[in-house]
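The same chain A turns up in both complexes below, where it pairs with chain B and then with chain C.
Showing the complex of A and B:
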């Protein structure tokens, strides 16, 4: 591009001017690229600090006894037995309620719903519910489940609350998964004489399963860490016992007494320890936090992996 | 596809010759239609649960608030600057809680918007494919960390750190809570903003490059303006999250209502107040019990407003291309 054919001085000057201009702008390009990397690294650093700080404070406290002891007034012997059992039972209720409702709603909206006012209302509703702060769900649960339904501060009340909270996540994931299934799969099923439900049950649900699972796992990861709605239903109490076993005695194979039992969950136990003035309890909080973070992060990682893996595998 | 054809063997065609089988056929058809109908109804009911949830939220908040506003005039609620509903000298000025919510939200936005936007521009316009593929799941996971853990981080790491810089800072302060809340919202803002920027068609960038613009010029003067309503929507949805965030402020900003806009002071937000009341043992139906529903209704209205604006903006940017 050098102006060898017309080596006039004015041309040279102009070209040099343009080159300098380009060089200057390229420098800015490089600087912004650097800024981007620095920002990304600082996000990484913040996360490393958060995790590292909890690791340093909490790891010495993590032992087998920590998982098998009840909370106690003495920090050293306090554990999370009632908390993790409570979390498992609450998540069980949440899953059993949220998955059928969420998947059903997603299937209805994608496969059955006619384009009418009702469908529009449901769709706008789901979008808006996803933006409602979690503590509002706590107030709903306090007024509806705890007092109107008379469930009290029980595992059932907490499980139902968290199920409503993650419902939009499951619905949206189901719809997105169903939307990627091409139309000719449906037409093929109909052509073989399938009814609508046969088409949905034999094709739509199996093919959208990875997407649905991703949504369910992400929703449950969120539910495990939710603290505010459970505090709001009034479940911050000292629980040093386990709910009745779901596997009943010889007469009844399954017992449902545990549904109405008082409980505590991991984030509540952690909140309890954070708000104690004694420093010894903060190590307990760090240990509980460590477990929570590892649990939610691995659930998210599994979800991301499922999505990534199946997106690569399925080629319509 | 052979498995499909095996699953649905062709149904025998009903003709005059097969009339003997007709009653059986009709019964089977009827049963089939009934099953289909009842399944559709069940699915519709599942979809309606979300509508019932919304109705129940509104009904409960409004119902308890009506009882509350019978005792406390709306004017006092909106103009009083003290919030002491559990004292003998009870005041019900929501402003004292709104100031806390507003201050922590502002601090959070000062962190989340610059960092989120730079990250979005970098990931969408600058980052090599590999970096983006690694950074996106990482940010997604960062957004999945439970808020209680961020609260712990704010109280036991960020506050002591800030106290080293500024020794007079109280143990509970809105600054640490706001900063951590901002960090928490960065992944949210950056991923929504990046989606908006990636939705800008490639040929706009190519046109810009053809005119001799560099990457940064293209990013700042072509892509950003084109994605502006999407960016704005991500900021507004970020605000709505900051306003509704509970555990970080309840842990790190203290739970004392305090009419102040100074981030170095402790103050309660609307959400922190609800937590504080829930921690105590208030009898069902008392005025203290009703205050949390009035506070909750205020919170719902604020977030609803921001969510509606955010979605309107997003719809606009979707329709642009």
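Showing the complex of A and C:
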């Protein structure tokens, strides 16, 4: 460092120069901020317009009967009973399959797997799978689940298909969540004499739960709106009955017949209504869309709540 | 399975495997499975709805829309009881069914009129000849016929915008065969959609538009569209239920069918459903804006069933310009 040797006047000039420079850079800062806001607002505006239009068209059509009626050729008496029940049951199967498999795979890859070529290949494939178009999953499922495993065009086949679809999302989310746990937590557990499984079960899983749940919900929110793979495996368009009840008779407390029942889901019901000649069905489609958006939004809300709730419990 | 319950993954997989091996019989009501053309869908759906109401849930009916081709694929694999078809079964599909040992009853259920439409503000088009339509739609027209004047010098120099059915639909097959003379032969630079409402929107918003689709969509959107009368050499005829019935709306009237599997008809619920279909068709077909066949066509179908007259009268080829009367004569020969 050289000692200060400039006269005061030059010094002032230098300071002014720096001030100008800062001001100029701040202008850029401001401009970028403005650009960001404009981008954000235009995205929100598009969403708000679409949602608003759907509200205007669909809201007058929402009634209790809409939820409790089967589809019909008469727009006024058509409802979404078989569609929403189908969506709920398919999502149930998807969750039951995708969560244990995805979380298990994520934990294995992060905590157990040795760093070698095989692990690298698996990792690359999992990441790539997240980008595969959903119709490809549909085609795979048509061959594998529907025909090879003989599940037919059933709720089970659809649930498994969507489970495959969101598996990469769940695995990646699990791994990201686990990576945020500091190494010294693991070392602390080992220092107290914990085995690897104890360390995973008592520390890794509970601490990464908020992140995992967020990933699961994001995956499910994607799956609930999927149409292409479900149509590919053969979901039906007109179905005016419900799958058998999951609660069986006195002999068998739970019945699993519903897994093999034919079904339809909300996006397919919407698609069918949109392509009808009668204009009244367009309003039905808007109302069904509204319900679907509400279903997705409430799933996201649950994700946010879970994240918040579980984070509060973690004390380290 | 209690000890496994703590591990949902294991439980689920075990359960699904078990189900895959032993499909449950159960006491659920029998299901009549139908799939196929989206053109026939509204009719079959209406019948299914009324049938389920009449049987008070004792029989369930499912209807899918895989398209005529997709519907036959499932039908010939024995996955469905009934196939909805907007054209007769083709040779390839007949072979497929024969290979799987699936025999079937062919039952025409209604007529549809492919309707050619222009924008309501189009003042100079009242009717079009088949030759003019061919000039507009044939593959050679691409790049050459771009305005109405290119079709007929008497018409204004307004840009011609075309709307038509998607290439996978039976409607596209029928229209190209009836107008251009060769199945699937069409110019490619038009707005194609499987969703007819997209076509309705397009034609109603574009002054120079011309397009075609099923009669039901025209009836529901009469205010936004103008139907064109078709002249096949015997004067211009507008598409109406009457002109289809008396066979003058040519060559764009077409019969639509259901195909019933011989194996399935052995099941009481399928036999009952088909009986109900033929009895209620006249009224329900009209209600969903298609053109019903004469009553004797429906009794004829049931008669074929009773006398085990299997197979098709079309020999595996699509045929254009068949009037209801000709169809009836043909079916009677089975």
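Here is the rule we go by: the second predicted complex is superposed on the first by the 262 of 316 C-alpha atoms of A that agree within 3 Å, B and C clash if a C-alpha of one lies under 4 Å from a C-alpha of the other, contacts with A are read in each partner's own complex, and residues count from 1 in each chain.
By definition in this document, contacts are C-beta pairs under 8 Å (C-beta built on N, C-alpha and C of every residue); 3 or more make two chains touch, one makes a residue touch a chain.
Computed from a predicted model, the values in this text were never measured in an experiment.
In the superposed pair of complexes, A:244 makes contact with chain C only, with no contact to chain B. In the superposed pair of complexes, A:234 makes contact with chain B and with chain C alike. Of the two partner chains placed by superposition, only chain C is touched by A:156; chain B is not. Legend: residue contacts after superposition of the two complexes on their common chain; A:274 is shown touching both chain B and chain C.
Judged by the touch definition given at the top, the superposed model places A:104 against both chain B and chain C.
Contacts of A:143 after superposition on the shared chain: chain B is touched, whereas chain C is not. Among chain B and chain C, the chain that touches a larger number of residues in chain A is B. In the three-chain superposition model, chain A touches both chain B and chain C at residues 100-101, 104, 234, 236, 274-275, 282.
Chain A contributes residues 22, 25-26, 28-29, 32-33, 35-37, 39-40, 42-44, 46-47, 49-50, 53-54, 100-105, 107-109, 112-113, 121-122, 125-129, 131-140, 142-144, 147, 164, 167-168, 171, 188-189, 192-198, 202, 218, 221-222, 224-228, 231-234, 236, 267, 270-271, 274-275, 282, 285-286, 289, 292-293, 296-297, 299-301, 304 to its touches with chain B in the complex. The residues of chain C lying in touch with chain A in their complex are 7-9, 12-13, 15-16, 19-20, 23-24, 26, 28-29, 31, 33, 35, 38, 41-42, 44-46, 48-49, 52, 57, 60-66, 74, 79, 194-197, 214, 216-217, 219-221, 287-289. Residue ranges of chain B in contact with chain A, taken from their complex: 1, 4-5, 7-11, 32, 35-36, 39-40, 42-51, 53-54, 56-57, 60-61, 63-64, 115, 118-119, 121-123, 126-127, 131, 135, 137-142, 144-153, 155-157, 183, 186-187, 212, 214-217, 219, 237, 240-241, 243-247, 250-251, 271, 274-275, 278-279, 281, 284, 292-293, 296, 299-300, 303-304, 307, 310-311.
Only residues 72-73, 93, 96-97, 99-101, 104, 149-153, 156, 160, 234-241, 244, 256-257, 259-262, 272, 274-279, 282 of chain A touch chain C when the two sit together in their complex.
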